[in-house]
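Below is one structure. I have some questions about it.
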Amino acid sequence: MLLEVRDLRIAYGDIEAVHGVSFSVEEGELVSIIGANGAGKSSILNAIMGLVPSRSGSIRFKTAEISRIAAHERARAGIRMVPERARVFPRLTVRENLRVGLYGICDRAREKKQLEWLYSLFPILAERSGQNAATLSGGEQQQLAIARALISDPCLLLVDEVSMGLMPKLVDEVFKVLQELNRQKGLTILLVEQNALASLEISKRSYVLETGRIQFEGESRVLKDDPRVREAYLGL
Amino acid sequence: MDEPLLSLREISMHFGGLKALDRVSFDLHEGEILGLIGPNGAGKTTCFNTVSGVYRPTSGEIRFRGKRTDGLPPHRMAALGIGRTFQIVRPFPNLTVLENVIVASGLSCYGRLIPSCRSWKGRKTREEALEILARVGLEIQAGQKAGLLPLGNLRRLELARALALKPHLLLLDESFSGLRHEEIAQQEELVRKTRESGISILLIEHNMRVAMGLCDRLVVLDHGRKLAEGKPEAIRNNPEVIRAYLGKGGSANAS
Amino acid sequence: MQLFLEQMLNGIAIGAIYAMITLGLALVYGILRILHVAHAAVYTVGAYVGLAVFSATHSILLSAGGAMLVCAGVGVLIERLVYFPLLKYPPYVPLIGSIACLLAIEELCRLAAGPYILSFPAQLPFPSFTVGGIVISSTLTAVYCISAGVLALLWFITTRTELGLAMRATSQDMAIASAMGINSHRIISLTFMMGSAVAAIAGILVGVYYNQVYPSMGAVPAYKTLALIVVGGLGSVPGAVLASILLGVGETLLIGYAGIPLPRDALAFIAMIAVLLWRPQGLLGSRG
Amino acid sequence: MSEYSITIGTLIAIQAIVACGLNVIVGYAGQISLGHAAFFGIGAYASALLTTAGGLSFWTALPVVLGITGLVGLFLGLPSLRLREDFLAITTIGINFIVVSVFQYVPFFGGALGIGGIPRIVLFGERIRGVSFLLLSAGFLAATLAICWLFTRSWSGLACFALREDETAASSMGVSPVRFKLTAFILGTAMAGLGGALYAHFMRFISATDFGFPMSVMILSMVVLGGMGTLWGPVLGALVLGILPEVFRPLTDYRMFLYAALLLMMIRFQPGGLLGENSLARQTFSRLKGGKP
């Protein structure tokens, strides 16, 4: 098991946002956590990355307990994240944003190879490599955020609401890239999404989260036709 | 139904190049609970903020009780009779629960010099505020610092504060999010009672179960545009709405 | 004309020294959003330590090295002991802490070295020139060369090295930077060390330039530099440098040359208010 | 009581009045101001000029002085409506430096020499000095505290509290941010003006350096140490910071250092102030009362 989360609780002050969630991701899997707004999806990813503290529970990554170590150590252990709303560094150039992703593991030859690969994956980034990230459009920023997370060859990629605010066509493209990364490079991805059907389509297994709890889980192709998914979203 | 209580006509709101709202129009009638729903980033909160006076819309007009109100600052909106709650609760943390409510009951004093110098510690003010707190079930906590309350109580406190304005229209911004099951039921009950007391309600809600159960009509926004408007039944079976919520391919499952 | 040019050269030198102090403040503000008034105390410590080492060894290089080392330590101590625990409070709390720090360190200097004005009789190993009748003293040459060198080095570090990249990333989004493997605690400490070491150099240069070292020499720069980082654009390092040099020249020309009876120390603030009215984000600041 | 301790007492009372004024702005309305000594100075200079060059008595000049400082306060409160917190902090520092320079360089204000020969206050045909002045200052302090107390009980005061806690929520409840922030600035600066007027007639000689930025820091420290937003905090702060240097006086050389170090310790370990939320004093008090929160 690459990632195993047991009974994770997350609270902001007095307010508990996630009430004891357990799930796991195997090496090479693409797993999604879906649910409507405010279900606590982003909190879970942030807790795995170490950006918000977990109140209790365990997070095991490659057999090591990581729930008490700092975010940068988790990053060095091989977890990388595409944050909600991209959060690129606005006053760094595209190229510099990518280099931040290589912080601490940089060697020139590898940097060049990785850049070439990412630029072929997202040609628009090559075009804009000298521009400040703030000048990119929302979709381009998302691509940059993905590239920035990929550049270090992570073992586990956390993707947070990548479809939010993107045009439907772009959503399709981004999801296709993620699917290819998973299929062809064997990259393990944990996806958190509001866009249920698109993520069910590309993922192997899914967890459905509702108000801080996992309501049910299963094979994505089965869940796709499960009326309970619609119910969780549309309140039938 | 003659003139609507609140009407939005072709409201657009642009931030830089981003069109957060694109010519949105709808009406809210006296005594109605109208729900504003849509996926993340659809423009619901922006829409709310133009109604409550936080933003001045780029174009279009808003009328409340027949009077043009777009561009008025929030405190003027409050004076006209629009109360609101916040998605991320904003209590006055270092004031007591009771004082939080009393702030709202000073509405008629803030605009004028002499009344604003009078004391707010009178018995009448206090009793009125306590009565409103009793209505939402917070009278026991009246003396506590608001910052120490758990979320469920804070949501009710926000409702109490809005009610203390004696509004004609109440704007509820995700008043149910983060609540536990039983709290949601209580809050729903409160909203219903509020409407029965003659206050019209416009609400944003993510929890579809709640929105469908509570609202008379729904307006669905997606990418800043109005996607649909109608009774919950119709909205629930509208394929476009389902697609907006579940993502692509959603229409295939709509039956 | 000759007087004008001489004043101009002096003005640029003073501006360059301001720049070296303001820089640290801009770096710290950029990363922690704290108004680091106590930075001026670090600069005072730099002057004193520099003078002490110089008196003992008569080597200006050792003096600079020692001062930089001590100041880097003092800077990190202030960050760790005062600012870090106060970060969660409203901004005036660390600000008052910073002012108290400034006073305490000033007093320590006074206790250690006495309340007198000490002279700093160092000869800096730089040549002097006479160009067209204008004498450029070796001290002036030193100020130019050293400040240009320091600024260039800092520019190189922040724009061309991995450390600089990490510093800029951390100041723009600390959480995401740490999610990229950057140890933001260490970066913050390094930022303080760098700014403080530069302030030490500024302290020594001022000491030699005016041949004066005294306990309250940081009092005026402490607040003037606040105005300068606003004029430059809060958190913008190039802006802070530009504003410093403009102010150095402006002060010297307006008051020294034109003889306008303006209070020298208020000029920075008058400029600041003018800039806030005309361009609220500062000369090189970005909006938002 | 020795003459010396009467002087110290009077100065503490005057500074407490000024600190109360700052407390209205910072503690009640939540607006940062680091240049409060400027208004202290404007009050002092206004009263000094009106009574020397203007030939008015202290009592006829006083309303004018309060009017002037309040008006300047209104004018300088305007930036608070637009500027972010840090900008506002630095701007108020700047205002302090500029006001001091104006006093120092404009001949009308006596320039570097300051203003001397300020008449004593005459009350019931008596010239006020010594203990009487202390009593008079204490009386004015009591009046200031009474106004502060009334203010906290008025709708305006409540509106200011609400603004301090959350401006967005407050305005959605009908509180106009512009109106009440400015109200707080006018009231707070007028109190500083009162303190300034008393100071001028107590010292009978004033110069610009009395009202420099270090004085602003001192006043703000009083408010923060005592407990922002509390009624008695500024008075306690003025007492502590006024008496401390006297306590340390035997230590002559170390006095200022100890003072600064103590200030640093207090802000580091008790940032909410001596009477503020969760302060040691409050905790002890509530424990004595029987553990009630």
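As written, the chains take the letters A, B, C and D, and residue 1 is the first residue of each chain.
Just so it is clear, a residue touches a chain if its C-beta (ideal position, glycine included) is under 8 Å from a C-beta of that chain, and two chains touch if they have at least 3 such contacts.
Here the structure is a predicted model, which is why all the values come from computation and not from measurement.
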Chain labels contacting chain A and also chain D | B, C
Moving only from a chain to one it touches, give the least number of moves from chain C to chain D.
-> 1
Compare the CA centroid of chain D with every other chain's and tell me the farthest one.
-> A
Give, as an integer number of Å, the spacing between the C-alpha centres of chain C and chain A.
-> 42
If you average the CA atoms of chain B and of chain D, how far apart do the two points sit, in angstrom?
-> 42
Centroid spacing, where centroids are CA-atom means, of chain A and chain B in whole angstrom = 33
Please compute the C-alpha centroid of chain B, do the same for chain C, then give the distance between them in whole Å.
-> 51
So which bits of chain B are touching at least two other chains?
-> none
Could you check chain D for residues that touch two or more other chains and list them?
-> none
Each of the following residues of chain A touches two or more other chains, namely none
Got a list of which chains touch which?
-> A-B, A-C, B-D, C-D
Which of the residues in chain D end up touching chain C in this complex?
-> 26, 32, 34, 79, 82-83, 85-87, 89-91, 93-95, 97-98, 100-101, 104-105, 213, 217, 220-221, 224, 253-254, 256-257, 259-261, 263-264, 267-268, 271
Report the residues of chain C in contact with chain D in the complex, numbered from low to high.
-> 29, 33, 35, 81-82, 85-86, 89-93, 95-97, 99-101, 103-104, 106-108, 110-111, 223, 226-227, 230, 234, 261-263, 265-266, 268-270, 272-273, 276, 280
Chain D partner, complex, touching residues on chain B are 52, 54, 73-75, 77-79, 83-84, 86, 90-95, 99, 102-104, 106-107, 109-111, 115-121, 161, 165
Given the complex with chain A, which residues does chain B contribute to the contact?
-> 39-41, 149-151, 174, 177-178, 180-181, 206-213, 236, 242, 245-250, 253
Chain B partner, complex, touching residues on chain A are 14-15, 17, 36-38, 161, 163-165, 168, 171-172, 194-199, 201, 211, 224-225, 229-230, 233-236
